[in-house]
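Please go over the structures that come below.
Next come two complexes, and both contain subunit A; in the first it sits with subunit B, in the second with subunit C.
What follows is the complex of A and B.
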């Protein structure tokens, strides 16, 4: 029993990470209308920036802020330099270009920081034991950070004027445009939020495991799987689906082994696409 | 020098086979296949396992490579019928990663990360040296020519008109009472089988297979080739692959010229260059070097 509760906790934390990535993917899909394959490598960028920030200042918080800022900046730069020029082109063009962006980021990071795995130099903390269940205080802190970041995205999306404009563009871009909503400002806001969310996910993942140039790319499939499971373009769905996926992956590890965790995301995604293409929670965008 | 040229030509011809398959999938039919390396991997492992663990002739390995890769494409085709094309891209990407996970994990069959060494080279009977290399090149050329002939025939047949119509307007095809699904499945299976044959050639040429040879980067090498050459043109697939080889081999010479760049760094430079090429071509020259498929 204790074993399963520990897995559940681990699953919750990794589910929050997947949820952040899925939220970023689903927002971009809903508003810019293409599956953004560069999300994973923005994560990696965030992790490396946080690593550098932490090493320079000694403060984990400053490192995290640096990571989020770097992710947001890179994401807006990708929009300004690449995706903006492809507006109105086919989804394939944007998808291929986003793969290109991902590769460029990964190559840059590997050249700048090397291929070796790196870890955050943080002191080891003895886990608490609650009724025999091991709980790592750091895990709780990371989960709280992830939850706060998710909350910040939702506050931006549902309680601020720019969030309202973003949702308007997601619903109907031309109607939004004739209503006087500036597409460029919405897009910049979108890429800021999407980049920061990915980067924070990367920082959390890097703190829990290790930082390497491939870490983000490996999270891309779970991210996509959760975005699809939650119903593409549905922010709350993406987060819930991320949690489900994270927990399912951890809980399944004793049965299917460590390497098949990623395959589980793929299988789940296939099943959802076949059985319920709109995702678990349905969604206004009735296309698939 | 001759040996080096023969080696480049061999690898180039293997990549041409991959590009031809992807041209059939994406260029002619519009299926965004981001998992091409998965079929390549299945073909390579099929040939490797059959030739090292059973006493079957090498030809059986090639047949199995084509058959298994084609068979793997079958369920993907079934799924693709119900998916919008961008979802299909993600599903195929997931497929190729899953294939790689399977060959990494199923040690009893694939020997895991250690891979399978000692795959016999083709035409070893002719002795080591140029004779066997040239025999292999001739065989590869023949297979490539056959594939090009097959695809050109396909493209000009009623079947070819149908798949191009699916690419250009699937709804219209459906409105005419045709079922795009059946055509898509066939296209996927044929292209995958060709990729499987490419995999078998690769396994027999390199002599060993390990999971790390089948990363998604290979898929995007092939994408880069067909985008550079011009999507939807069979000549584009060939030209693009030649350019790709120039790029891959050129980067090797660049390393000789710049010895301070380490091998791993060079791998990163290569990934970055592929990314940059994908971006620049989609922005500035979406029709590729050989022209636009819509204005053929």
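What follows is the complex of A and C.
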């Protein structure tokens, strides 16, 4: 029993990271209407910015804020320099452009920081034992951070005027436009939120593992899998699907082995595409 | 005068033939092209830059000594990214575009195993630093064109078993990165360990680039091992050890040197790494060839030569190849050069430590190049058997306690 609970906790934390990336992907898909392949590298950028922030201030919180800010800024810059100019082009053009943005970010980071791995210099702590179950204080902190970030995104989406406008654009861009909603302001808000969400995921992943220029790119596939599983364009679905993927991967290991646990994400994605192409929560219209 | 389309079209190929062909032919008679395919980025990045710089430096030294077999070495450098796909693309470019006659310094078994079919098809030499046992035998080494300057993973595994027995461990478990090298290490260990009458209490093969290895660790720790033997690389080892330390377990570790290195200590701190046993081949540190390499490495990389055993291997690759070219004589083809590798590296013969000395001694007869990386005696499979240094991480320093020979 203890074994399973520990697997569940490990899966939850992994799932929150996947969920944040999937949320960013699904928001961009719902509102800007293309699959954003630069999400992974915005993650990496966030992790490096947080490393720098942490090294400069000694505070992990300040580092995290620096990471989120850098991710949001880079994401808006990518919109202003690339995606905005391609607005109205085909989805494929935007997808390819986003892959290009991803390459530029990754190569820039590799040039600036090198390929050697870097780590957050944070003290390692022993776990608490609750009824025999090992619970890591750091995990709780990271999970709380991820949950708070998710909550902030949902508050923005559903309780603020700009969030309502974002959902309006997602629903029907032309109708939103004739109602007097400025598409540029909505887009800037979207890229700020999407960039910050990715960057926070990157910081959490960097804290748990190691920071290298390729780390985010490798998280992109699970992120996309979760976005599709949750119903592309559906924010709540993306988060739930991220959690499902994270937990399923960990809990399945006693049955399928460690080599194949990654494949599980893709088996789930295939099943969804074959059986229920809308995803778990998908409606065809996307974000509302 | 007017130049019409036909004249122009005719002139272009003509100028190409006239302008380029002679210089190209001249270049081919004067230079012998080699490819330096090293892990500048990816998991091998702590070593790749040093390896590539040493190949360039050694080629410079050969050229300064008047070249080998009347030819200058010309190096084309590429990055394998420590990834088989990237390495195959780079190797194709080196072979088909640059027309290299040897590829030097592939690192990581996945990379070497992916590149070796290309070098075999092109009938050129491959010198690698990878450990996978499959590289020794057909089909990989069917043509005998591949040389391994590092110990095989199987030999590493045997060394691990020697060390585990010497340290008095009873309950060994293994964790392997899912590639030929990782699994080669732990299988070599398992064979040697079971031959000593012990049992492996748990084993796991894990995937790279995971956000967490906690499930894998749980499986291993459930068997309560007193030592965990790894077939791993630096990033995954960093993550696994950090998670392990946070579980509060106190078992010991035996880890290959390319994963348990100063970068690992820097990443995790002295407390989490205390007592880890790091095993790596030792360079031929007492030999004059090592002193010579060390001086060059310090000049080029501003670090001691002992910090990168693979750079010493890369250095030896160029020297060995150049000596074989010298032994094979002017304009020898790859097959003739390949014939001479053991002639210049294995006993008997006059022991030499530098290219210049070897070149002079070849005029007198057979030589035995004593490398900077090991004594460099190739067995029938093109493998060498270096000794293994056993390092204990103590207060954040890798301290060598003893050397194991297998």
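In the analysis below, the second predicted complex is superposed on the first by the 276 of 288 C-alpha atoms of A that agree within 3 Å, B and C clash if a C-alpha of one lies under 4 Å from a C-alpha of the other, contacts with A are read in each partner's own complex, and residues count from 1 in each chain.
Rule of thumb we're sticking to: a contact is a pair of C-beta atoms (placed from the backbone, for glycine too) under 8 Å apart; a residue touches a chain by one contact, two chains touch by 3 or more.
Keep in mind the model is a prediction, meaning the values are calculated, not measured.
Because the two structures share subunit A, they can be overlaid on it, and in that overlay subunit B clashes with subunit C. Judged by the touch definition given at the top, the superposed model places A:210 against subunit C, while subunit B stays out of reach. Contact with neither subunit B nor subunit C is seen for A:173 once the two complexes are overlaid on the shared chain.
Shared-chain residue A:104: touches subunit B; no touch with subunit C. Contacts of A:273 after superposition on the shared chain: subunit B is touched, whereas subunit C is not. Of the two partner chains, subunit C is the only one that A:253 touches; subunit B does not reach it. In the superposition on chain A, contact of A:96 is made with subunit B only, not with subunit C. By the document's definition of touching, of the two partners only subunit B reaches A:221; subunit C does not.
When the shared chain is aligned, subunit B comes close enough to touch A:35, but subunit C does not. Of the two partner chains placed by the overlay, neither subunit B nor subunit C lies in contact with A:183. Within subunit A, the residues touching subunit B in one complex and subunit C in the other are 110, 115, 257, 259, 262. Residues 32, 34, 79, 82-87, 89-91, 93-95, 97-98, 101-102, 104-105, 217, 220, 223, 227, 264-265, 268-279, 282-283, 286 of subunit B touch subunit A in their complex. Residues of subunit A touching subunit C in their complex: 3, 6-7, 10, 13-14, 17, 110, 114-117, 119, 121, 124-127, 134, 136, 138, 205, 208-210, 212, 214-215, 218-219, 250, 253-254, 257-259, 261-262.
Of all residues in subunit C, those touching subunit A in their complex are 40-42, 45-46, 178, 204-207, 209-212, 214-216, 218-219, 222, 234-235, 238-239, 242, 245-248, 263, 267-269, 271-272. Residues 34-35, 82, 85-86, 89, 91-93, 95-97, 99-108, 110-111, 115, 213, 221, 224-225, 228, 257, 259-260, 262-263, 265-267, 269-270, 273-274, 277, 287-288 of subunit A are the ones touching subunit B in the complex.
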